[in-house]
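Both of the next two complexes hold chain A, though its partner changes from chain B to chain C.
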Partner chain A sequence: MITRDDILKIAKLSKLSIEDEEIEALTKDMAEIIQFADTINTAVEDENMEFDNISNIINAFHEDEVIESFDSDLILKNRDGGEDGYFLVKRRSVN
Partner chain B sequence: MSYELVAGLETHIELSTKTKIFCNCTTEFGGEPNTHCCPICIGLPGTLPKLNKNVVKYAVKAGLATNCSIRNISKMDRKNYVYPDLPKAYQISQFDKPLCENGYISLSTGKNINITRIHIEEDAGKLVHQRGDTYIDYNRGGVPLVEIVTEPDFRSIDEVVEYIEKLRLIMKYIGVSDVKMQEGSLRCDVNISVRKYGDNDLGIRTEIKNMNSLSFIAKAMEYEFNRQIDIIENGGIIEQETRRYNSDLNITESMRKKEDADDYRYFRDPDLVTISIMDEQIQQIKNELPELPSVKLKRFVEDYNLPIQDAELLVKYKKVAEYFEEACIKIENHKVVSNFILSQIFRTLSTETEKEDFNILIPPSYLNELVKLTETKKINSSLARITLEKMLETGKPLSEFITEKHLQGIDENTLKSICEKAVLANEKAVNEYLNGKEKAFGSIIGYIMKETKGNADAALATEIIKTIIS
Partner chain C sequence: MVTSKIRYINNLLNKKEISCTELTNKYLEKIQEENKNLNAYVKVTEEEALIVAKKVDEKISSKGHLMPLEGIPMTLKDNISTKNIETTCCSKILKGYVPIYDATVWETLKSQNAVLLGKSNMDEFAMGSSCETSCFGGALNPHNLKHVAGGSSGGVSSAVGGNIAVYGLGSDTGGSIRQPASFCGLVGLKPTYGAVSRYGLIAYASSFDQIGPIAHTVEDAAIIHDTISLYDKKDATSCANKGIMTADKLNDSIKGKKIGIAKEYFEGIRDDVKESILQAIKIYEDLGAEIIYFELPELKYSLSVYYILACAEASSNLGRYDGIRYGYKASHYNDLNEMICKTRSEGFGKEVKRRILLGTYVLSAGYYDAYYKKAQKLRGTLVRAFKNAFTKCDVILAPTVPMTAFELNFTSIDPVETYLTDICTVPVNIAGLPAVSIPCGFDSNGLPIGMQIIGNSFEEHKILNIAYQYEKQVGDKIYKNIELGVKL
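After this line comes the complex of A and B, so read on.
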């Protein structure tokens, strides 16, 4: 059962602001999504079957050899503020 | 009513691979900010992480060395949280299929501390707070970590300290981390609660985050133990929360309460493929493991006949233990070798780091030679001490300081006449000794050693003097 509180919690975790009038519709939509997932679950016969490795690729590793890092000018190119080679954490704006 | 402490530990250890966990940038400590970075480290969209082969190997080593079972099939998961030290807004970690599970470390009392799991994950960047602003350096971002989680098995601060020391030594021995606490390559979160003795249920716990010093951990736990008892004794209820240790005030303070508890929404990282480790590979890694400190300690006590305290001091520093063994070749009394190392050589190494590095000028073969000469009584212990001191200062071998003359020693007749001279020159000491002051004898022997430049046989000299003055 999806509740109004669940929607508010998910919105908070997702950093989304939602209007009061949207909550009811979102609750209904979310319940339908969960129900759809439940339907799929009932179709799974073997509980131990792995569905999260459908590519069947295993062990794609990189060798432990250093490759020169990027020039810090490139790394910092899109930064907004910051000095001495550091990124700056934007202060939260107060409304 | 007295209370019992109950604690569990989460220890983060930086692995000493050359490269980061998901890219080939260096893991070197320090460096100018954001110079050990690539688009993967700073979480740019469209980049693809690829797991470091050695991270898996090192974590399996850590698991085997702490008696864990190793999973044949494992995977990486995303742990979502928003904080500026983590540019992707998720950390790649492991959730329900950690590489290693169900291990333990034995304490000196014989008690086992059970290890629930060991998983691999990426470290976050470093935040620098300056002039009211916060800056970020992502050099540390992506450095590989193992997180080692125990059951709530600790019942005292001493047990926690011993566990961390043992864990640290094991990781150092197997070479998976430099475990430098001061550089943050070993950091602990402590979960702590209290209960009345005899109670079976666990109390409500708090978690003290991110401590990288044994003394801070001990102090924080002591403070928190007493704080929780005070609350209960005053009729209050412990709140489940995350706290931090403030070393300036020696207190723990609240960071966040349970209602803001993290909801990490773990899910499989679709960019990283399944990790599969065959039993043969696990066995091969097991075969490559060096002798572990607990096994070495037992062997030093049994095979070299050392007191446990001495053996512990030698085993505590891997290089010292290796040096000791080499210096012991074909020596009968190994305690003599251990004594030279633990007293005279250790005196020249004042810090723990110096002892760990053990960069002394003389190779173990020089010490071996010296001890052999004392065993065959070719030189006495005081000459040996003086010689070792000179060797340690210069790095030169024994032959530079010990001449044929030393090795021939002093014949009995010469020694006799020196003893006679000593008795005449130390009349006061002789009288004091004859009046029962045993200690006075030392200054007569001291005189003889000075006269013979430490070359006399002290036992024989004692015998001769006693005959003269009796």
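After this line comes the complex of A and C, so read on.
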């Protein structure tokens, strides 16, 4: 059974913070979803049970050629233009 | 006889019975009127649409013959990247994001002078069955505004059904093209995985996602499919579709074609939906098709397999939203980690967070083998079960959804109950198969019922041929004329 602590642990792994008032409802929902997902564990496994390639698709690789890339100023436009050609981030705190 | 709306408009334009600018203006005016109710569009691209319309008119004046989709007003789901046009996936976390490149499907349509009317509403990151997880609120069903348009491509089905777009492109990860098409009485095609380039489609679950059309008729869907189904070197899973075009095969006889019915698809579906499909089976028998009954017991695992694998992929794909490079960014934080956590927690909606958490859970140490690995193995079992089924029949006929369009707010009550409504659509995505949903009747409230025709990989020509022959036989009665939008 999934617990409140499990939810907090996976939230941390997911880089999500969960408000105190959300935890109870979320734990209940997740417990129900996981119980439903458990249907797969009623399937009997046999040796031949392996993942098969869907549609027999083979990756369509192309030559590793240098092609024109996007202009960095254009990319930075989605973050207010950045600074000196870089994205700005706050220094990571050292504990 | 059902007339292709795309061919009809193409003909009007070529014969100069209407100019493309007049046509586009008609659609833009109706969007202004109807979108207040339908909420189908989240962004209207009036300026871009009129520039292309003018170009098309110049081509007509210089006696150029129009390609099938040239000058046809259409919409794109808001997870398909459009250069210089905001693309949000209907999530707060991507508000303000303006792509610097076009998705390949849009590049292709743009090169044919398709007239983009706007970006349409969807469930946030395509995660939902009602369009109600959109940060803009849900799109409504043109057949009855107290019901949802379906999801996740609900904006496309609402716009096309409400006659404020001729057709649209959506994406289908677990039924997101077929289900809204079914709810709005339209034709929705989910192509084979790899048949249409995913380059520029904002990822939800990459091994399931596929772009396809929602349109008024089977022929319309075939025309759009034949235009966008191209090999693209920018998508490593893109396959040349082996040169199979579908539109010129619609009229092939289906005498002797084997239509498979798997009994599991009919368990737990509403009686009126079942009845409509049984009537369709009779029509196919009259057309000379052979009906083959069999069992597909592996289907019982498909919903769990889908939700485990799709959420696992989503938890990884959505890791990129960190507030550093684009989209929403939290305002108050002390360090990098807090900025990322706050950005994601404030930017993602409830359903998206739930699926990220589930995906992280099934991939975490101690649970990986029991969930993710087991689900991958069962995916293989389902792929093989379908391959085996297609040794007995040409196509499989099934309901698209066990019911008709939900009333508003149905999906917010119980997540598991909502997931169960995807029971008929997800197997196709698990196995990477093509399927088309086509209307086959109405419930007692006048809401459309849909059925889906599922084919083997890269056999879109077979499913569209079989859908077209049904449409030709039953005629207009499966389509309802909606008193909304543009009348031509």
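For the reader, a short list of remarks on this structure follows.
Quick note on the criterion: the second predicted complex is superposed on the first by the 69 of 95 C-alpha atoms of A that agree within 3 Å, B and C clash if a C-alpha of one lies under 4 Å from a C-alpha of the other, contacts with A are read in each partner's own complex, and residues count from 1 in each chain.
The definition used in the following text is that contacts are C-beta pairs under 8 Å (C-beta built on N, C-alpha and C of every residue); 3 or more make two chains touch, one makes a residue touch a chain.
No experiment lies behind these values; they were computed from the predicted model shown.
Using the contact criterion defined above for the overlaid structures, shared-chain residue A:69 touches chain B, although it does not reach chain C. After superposition on the shared chain, chain A has more residues touched by C, the comparison being chain B against chain C. Once the two complexes are laid over each other on the shared chain, residue contacts for A:40 go to chain C alone; chain B is not touched. Once chain A of one complex is fitted onto chain A of the other, the partner contacts of A:84 are limited to chain B, with no touch recorded for chain C. Of the two partner chains placed around the shared chain by superposition, chain B and chain C are both touched by A:60.
By the document's definition of touching, of the two partners only chain C reaches A:7; chain B does not. Touch criterion met: A:16 reaches chain C, while chain B stays clear of it. After overlaying the two complexes on the shared chain, residue contacts for A:26 are found with chain C alone; chain B is out of touch. In the superposition on chain A, the residues of chain A contacting both chain B and chain C are 13, 15, 50, 52-53, 55, 57, 59-62, 70, 75, 87, 89, 91. Those residues of chain B lying in contact with chain A across their complex are 17-19, 22-26, 32-39, 41-42, 50-54, 56, 75, 80, 82, 84, 127-128, 133-138, 263, 265, 268, 270, 272-276. Across the complex, chain C meets chain A through its residues 96-98, 100-101, 192-194, 207, 231, 233, 235-239, 300-301, 303-305, 307-308, 315, 319, 322, 324-327, 333-337, 339-342, 344-345, 348, 353-354, 356-358, 360-362, 364, 370-371, 374-381, 383-384, 414-416, 419, 430-433, 457-458. By the touch rule above, chain A contacts chain C in their complex via residues 2, 6-7, 10-11, 13-18, 26, 29-30, 32-34, 36-41, 43, 45, 49-57, 59-62, 70, 74-75, 77-79, 87, 89-93. Those residues of chain A that touch chain B in the complex are listed here as 9, 13, 15, 50, 52-53, 55, 57-67, 69-70, 72, 75-76, 82-89, 91.
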